[in-house]
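Chain lettering (A, B, C and D) follows the sequence in which the chains are written, and residue indices restart at 1 in each chain.
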Amino acid sequence: MGFIQFLIDPVTFIARWLQMLLAGWGVPAGWTQFILFVLGAGALGTGALMFTIALIWFERKLIGRFQDRFGPNRVGPWGIFQPFADMGKIFTKEYITPDGADPVPFYLAPILVVMSVVSLWAVIPFTLTVVGVELNVGVLYIIGIGGIGELAIIFAGWGSNNKYAMLAAFRALAQLISYEVPMVIALLVPVMFAGKMGLNDIARAQDIWYIVLCPLAALIFFITSTAENGRTPFDLLEADSELVAGFNIEYSGLRFGFYYVADFLHAFTIGLLFAILFLGGWRGPFVEQVPVLGVFYLFAKAGIVYFIGNWMRASLPRFRIDQMMDINWKILTPTALVLVMLTAVVDKLIASELLYLQAAVLFVLNVVLLVVIGKVIDWYWAHRPRPKVVATPRPVARYERSSAQSHPGAGQ
Amino acid sequence: MLSDWLYVGIFLVIATFLPFVAITLAGILGPKKPNRLKSTIYECGIETVGETWVQFRAQYYIFALVFVVFDVETVLLYPWAVAYNQLGLFAVAEAVLFVLILFAALVYAWRKGALRWF
Amino acid sequence: MIPLSWFLTFSAALFCIGLFGVLARKNAVAILMGLELMLNAVNINLLAFWCYLYGKDLSALVFVAIVFVAAAAETAVGLALIISAYRARNTAVADELNLLKG
Amino acid sequence: MTIMQIIFLITASVTLFAALMVVSTRKMMHAAMWLILVLFGVTITFALLETRFFAIVQLVIYIGAIAILIIFAVMLTRRSMNADVPQVNRNWWLVMVSSLALFVGLVTVMSVWEGFFVTARTAPPGGENLVQLGTALVDPNGFVLPFEVASLVLLAAMVGAIYVAAERKEK
């Protein structure tokens, strides 16, 4: 009996067992709770960081396949020990502190950057019983913790005492704060449907996945959180193939590596959040009876979102910064505002007893809105102000028609 | 009780502590051979001129400003969104008015060119 | 449990430090930072009274929300004025910002 | 001493120290960083006061938005003051004495009031009721006027600030 209990809900089982064990040792109840909190938080945080190692391998392999390469394939079978080799290398690198660095922000920045991502895992419901904390303001917590990541970027830029780092930090900051606006607005929609702000409550309320009720909000959340993560096509805050680097230019060793740890982990955390907010989280068949299944459902859904994010990363070129700002302020923000207003009014107008009718109407509304916005953008693009043409372009070199076209290569 | 926040606090402390330990560990493991040239500021190989001072354009400030206004207004909408299922159509209309004012702010900023990067 | 007096003393101390910053600092941005300290002290006070004495009353919470709005508006406009004056005069020292004196 | 009291005392002392650094440090950027620490301390204080929503709003609005605004302004006006010259007025000691006097006066006045030493809380233990708050914000008999006016205030602030801070093309 105990074994089956362990199999279907291991974390609760272990927690209860530990509680009994500590009570048997005569630890007072308050301290037992405290110790359990510390153990749980430590396990979750460490687990998140260890998970990053797997993510690094997976992402390198995935991007390799997208680009018709093998990816890491030398160390161990399929190269699965590659991240450990990288870790060994990065752990034994020298730290270089630039001249005139401001030590406290400079040292604090990589720590804060990782902390801001790992902290998100505190509120993620992995299955209906396993959740770090059921904070009833979970959605705002996600946004607020994102602000700490922004501060870390300022600290990195300021602490490095480098002009490029400073400039890159401010550009990055402009991007991050701008993309926070449509995200905050779009997240109003799932909160409105669920009537709760806690992530587990939102997952629990999704009898119909919210991606059906508000696909546009899901799209906006996906785009903005990709931009918050600073990934392609929004990776110009650290365009490593064009610029020297971003705000992290003066960092070395593990301090530099932590920016990448945060980046990889954030990419998957976005998948988790998306799955919880719009794909029903841990919900799936038989999850009420066997809670451990919820973890698999959640990670499968998150994995799909993560895969799409990587697909985007491998396929799309990056935007220019003015294009990026235009996309945010002139497309995403108005769309999000209109979406919130329309959803609020239409959802109130339909009788909420007819659940499927309501879902269908909202879905159609979202699609129509998407099409309308696409048309508006097309119209604007056709009528955009363009510089006046003052001269026709004149080719510098001109090939001779007869020889070049009929016998290519024979004109020599 | 405060146990939710206590857990969040413990989690924040641990989430800060773990990377700190890793960074300190790597600092112990790694070599320490500083020299003057290594610690100069990296500027594509040229020596850095003057102090780290660049005059930022006010456009950065304007973006931050518009962001603050939107953030504050939207956060005020969150209690309304939580209460949405209990509200009547009239209350929703008031919130729509609120969002419309926000929209007017966006249109104003757009018309004034505050949202233009260049 | 924590008595109410601790919170009130804490917020009074924060308020007085903020007041010192507002009255004594030369740099206009620093003066605004002092104002932020004072507004935070006010918010602590409001929430402490709400928590200990008027837990059923919502007006304290609405008041706190309005203080947030006012703080955001004040900071935005104040800093915009400072930046604008800085561009005209190349200074952010409050005593030297006598543009209106003519 | 319960664990909450210990947390409060640590938070309060760190916050007050950081606040002193905000008003006394010479570099404006460091003052902004100390200000962030103060704001974080106030966040923890809000959490100790059993409010869920406003603690997180403090994190989102103050640390995530207003602190960043202040840092942008500090960077834009960095050349204005040399960090070597005194950062305070000539009669700063007068201000300090009067601030101290105000603090002592406030605490003395409050300590004669019997409500000062209340320890029992009346707030709901799970934090404020967000549904009630949200309903009251759009209730015509509640706070709909402050709610709408708040949005107008922010609109006006944004219009004014953009007008003031925008770089003029003609100059």
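Quick note on the criterion: contacts are C-beta pairs under 8 Å (C-beta built on N, C-alpha and C of every residue); 3 or more make two chains touch, one makes a residue touch a chain.
This is a predicted model, so every value here is computed, not measured.
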**OP:** Please name the chain that ends up farthest from chain C once chain centres are defined by their CA atoms averaged.
**Re:** A
Subject >> Pair joined by more contacting C-beta pairs (B-C or A-D) >> reply: A-D
Original post:
Which chain would you call central, comparing Cα centres to the global Cα centre?
Top reply: B
**OP:** Give, as an integer number of Å, the spacing between the C-alpha centres of chain C and chain B.
**Re:** 21
**OP:** Report the inter-chain centroid distance for chain A and chain D in whole angstrom, where each centroid is the mean of the CA atoms.
**Re:** 30
Subject >> Rounded Å distance between chain A and chain B, as computed from the means of their C-alpha atoms >> reply: 15
**OP:** Mind checking the centre-to-centre distance between chain C and chain D? Centres are C-alpha means, answer in whole Å.
**Re:** 6
**OP:** Going through chain D residue by residue, note those that touch at least 2 other chains and give them in order.
**Re:** 4, 48, 50, 52-53, 57, 60-61, 64-66, 68-69, 72-73, 75-76, 79, 130-133, 137, 150, 154, 157-158, 161-162, 165, 167
Original post:
Which parts of chain B, given as residue numbers and ranges, touch two or more other chains?
Top reply: 4, 8, 53, 56, 58, 60-61, 64-69, 71-72, 75-76, 78, 81-84, 86-87, 92, 95, 102, 109
Subject >> Sequence positions of chain C contacting 2 or more other chains >> reply: 65, 68-69, 72, 75-76, 79-80, 83, 87
Original post:
Quick one: which chain pairs are touching?
Top reply: A-B, A-D, B-C, B-D, C-D
Original post:
What residues on chain B touch chain D, complex-wise?
Top reply: 1-2, 4-5, 8-9, 53, 55-62, 64-69, 71-73, 75-76, 78-84, 86-87, 90-92, 94-95, 97-98, 101-102, 104-105, 108-109, 112-114
Subject >> Footprint of chain D on chain A - complex, ascending >> reply: 30, 34, 102, 104-105, 135-137, 140-141, 143-148, 150-151, 154-155, 158, 170, 173, 177, 180, 195, 197
Original post:
In the complex formed with chain C, which residues of chain B make contact?
Top reply: 58, 61, 65, 68-69, 72, 75-76
Subject >> Residue ranges of chain C touching chain D (in the complex, touch as defined) >> reply: 1-10, 12-21, 23-30, 32-34, 36-37, 40, 43-44, 47-48, 50-56, 58-59, 61-62, 64-66, 68-77, 79-84, 86-87, 90-93, 95
Subject >> chain D residues within the chain A interface of the complex >> reply: 3, 29, 33, 36, 52-53, 56-57, 59-60, 63-65, 67-68, 71-72, 75, 126-127, 130-131
